[in-house]
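Next up, some structures in structure tokens.
In what comes next, chain A is part of two complexes: it sits with chain B in the first one and with chain C in the second one.
Our next item is the complex of A and B:
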């Protein structure tokens, strides 16, 4: 007599534990990065097609749908940055200073500080740069 | 002696890491500038991304390089991460998934490069 092998159902597995939910949210930020990359790529293509095409892209960026999308992308990018530096102590090589291992919280906070500085520099350059 | 078959995985992980770091550092500010602040005209001026200004930026080697690196690394980061998450949502990440994900990243890279090159210097 043959029986069907038991297969543990895996449907919705990640909803069982808050840790798994955080993991899936973190992985899902890749979709936001991809969507934003496509938006930028379309922008580059439209820019190469001349002023009218570029203005069309700008017009599309002002549509309510685009604004809602970018609000979602903004939150996703922030979650990505936050989680990227939270897992950085586990993904980077161990750093030993003065015989003591550099604390995970120090690495994470350094990453966040670097992101804040990079954002301020980028916003300043965008505002001040003149062709 | 037969040549040692080396894995190509480190290349994709390197691109994933570089793109992840760059998007963690700049992604939020970039989305804010191009997707919200400039379209709304607040708190940045709406003409910040006006045609002459953006064209000059994309023609300068610094701007061209910046746009290419951002687009290419973001694309490889996102596609690599999506590929490795497919298993978690019950999709087998075999040769087809690899082809679609890395092929998509390669396509975005080529389209961006072609666009930036045709803008000229």
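Our next item is the complex of A and C:
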């Protein structure tokens, strides 16, 4: 008898399971990281074009639209960091310390610790250098 | 509450290629008992209600890897999934996602078996050894590197959990890549260079986008997502080291 296998369609696959939805949110929030890099790059370019250009960019940053955008980007980046620190243990080889395997939760917490320390250092530097 | 339940309804996705072009749902009412697994419910359907229902099973104790299917949309071994945890129903039963359905709950495994053969899933000795030289010794630390990955029972639940495999059936996939890692990471093995082509290919580790659901559904805690993703680093090393040494990273 000849075989006539049926292959099910994949349309809308990411809506089939909450796990896939969370995955898509992780991937989509990467766009926020890209957008913020573009915002900062534009700032650097404007700085190189002189004082007037730089002040214009600073003005644009203070506009209500820009503040809303920054709030959205901040939340997106937080979600992105959270989802990546959750998957981080899966991307690393087995780490054995003192004969015991390092737990996945420890790796995730180390990621958060590094992010918090980096943010504090950056914010204190920014505060310190303020004219 | 469960003791008051008399029967549970099952919606089973049927596909009989000789009589239909597209699968269709069929409902069965199965007498309920507290200790009944989903597999036992299907066996009741086949024995008492409808002998034409097709599904695979063998050991009934989560070691043969035959009875994987979608239970309420999630990949599961039907022998270790209990009806009491899915009440009140109806319980939706479908063939493993992402695989071609041959008939009812039976999927085609040809592609999986071919990939499995392709990774040489056995120890390849580093050099020939005589019987008099004795056994290959391994420390507990060396064993730990491979032990969890050697627990794979080829049930293919991870493939049903992997959208990248669903979108591209050429992807070697979580289970086979985890087994590839199991042999490559074995201190007694010398076959790494022979397996790197499979690993380095676009259909190898690089088709994985770290969804991670494969590790969630694995009934044996193999963590295939970990095996695949740590080998992205190994694959990158294998690629770049060739520029540093005339023989490359290949041994």
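Operating definition for what follows: the second predicted complex is superposed on the first by the 120 of 131 C-alpha atoms of A that agree within 3 Å, B and C clash if a C-alpha of one lies under 4 Å from a C-alpha of the other, contacts with A are read in each partner's own complex, and residues count from 1 in each chain.
The rule we apply is simple: contacts are C-beta pairs under 8 Å (C-beta built on N, C-alpha and C of every residue); 3 or more make two chains touch, one makes a residue touch a chain.
Just so we're clear, the structure is a prediction, and the values are computed from it rather than from any experiment.
Kindly classify A:73 by the partners it touches after superposition: chain B alone (first), chain C alone (second), both, or neither?
A:73: touches chain B, not chain C.
Check the residue A:123 against both partner chains and state whether it touches chain B (first), chain C (second), both, or neither.
A:123 sits against chain B, while chain C stays out of touch.
When the two structures are overlaid on chain A, which partner does A:54 contact: first (chain B), second (chain C), both, or neither?
first
Check whether A:36 is in contact with chain B, with chain C, with both or with neither, and answer first, second, both or neither.
first
Of chain B and chain C, which one touches more residues of chain A?
After superposition, B is the partner touching more of chain A.
Quick one: classify A:5 as touching chain B (first), chain C (second), both or neither.
second
Touch check for A:113: first (chain B), second (chain C), both, or neither?
A:113 contacts neither chain B nor chain C.
First (chain B), second (chain C), both or neither: which does A:89 touch?
The second partner, chain C, only.
With the two complexes superposed on chain A, say which partner A:103 touches: chain B (first), chain C (second), both, or neither.
neither
Look at A:14 in the shared chain and tell me whether it touches chain B only, chain C only, both, or neither; answer first, second, both or neither.
A:14: touches chain B and chain C.
Once the two structures are superposed, pull the chain A residues common to the chain B and chain C interfaces.
In chain A, positions 10, 14, 27, 91 sit in both the chain B and chain C interfaces.
Taking the complex as given, what residues does chain A use to touch chain C?
1, 3-8, 10, 13-14, 16-17, 19-20, 23, 27, 87, 89-94, 96, 99, 101
Taking the touch rule as given, give the residues of chain B at its contact with chain A in the complex, in rising order.
Per the stated touch rule, the residues are 17, 19-21, 23-36, 38-40, 44, 48-49, 51-58, 60, 67, 70-71, 74-75, 77-79, 81-82, 84-85, 88, 90, 108, 111-112, 115-116, 118-119.
With touch defined as at the start, can you tell me which chain A residues reach chain B in the complex?
10-11, 14, 24, 27-28, 30-31, 33-34, 36-41, 43-45, 47-48, 51, 54-55, 58, 61-62, 66-67, 69-71, 73-74, 77-78, 80-81, 84-85, 91, 111, 114-115, 118-119, 122-123, 126-127, 129, 131
Going by the contact rule at the top, pick out the chain C residues touching chain A in the complex.
So the residues of chain C in touch with chain A come to 15, 17-18, 21-23, 73-74, 97-98, 100-102, 108, 141, 144-145, 163, 166-167, 209-213, 215-216, 223, 225-226, 229-230, 232-233.
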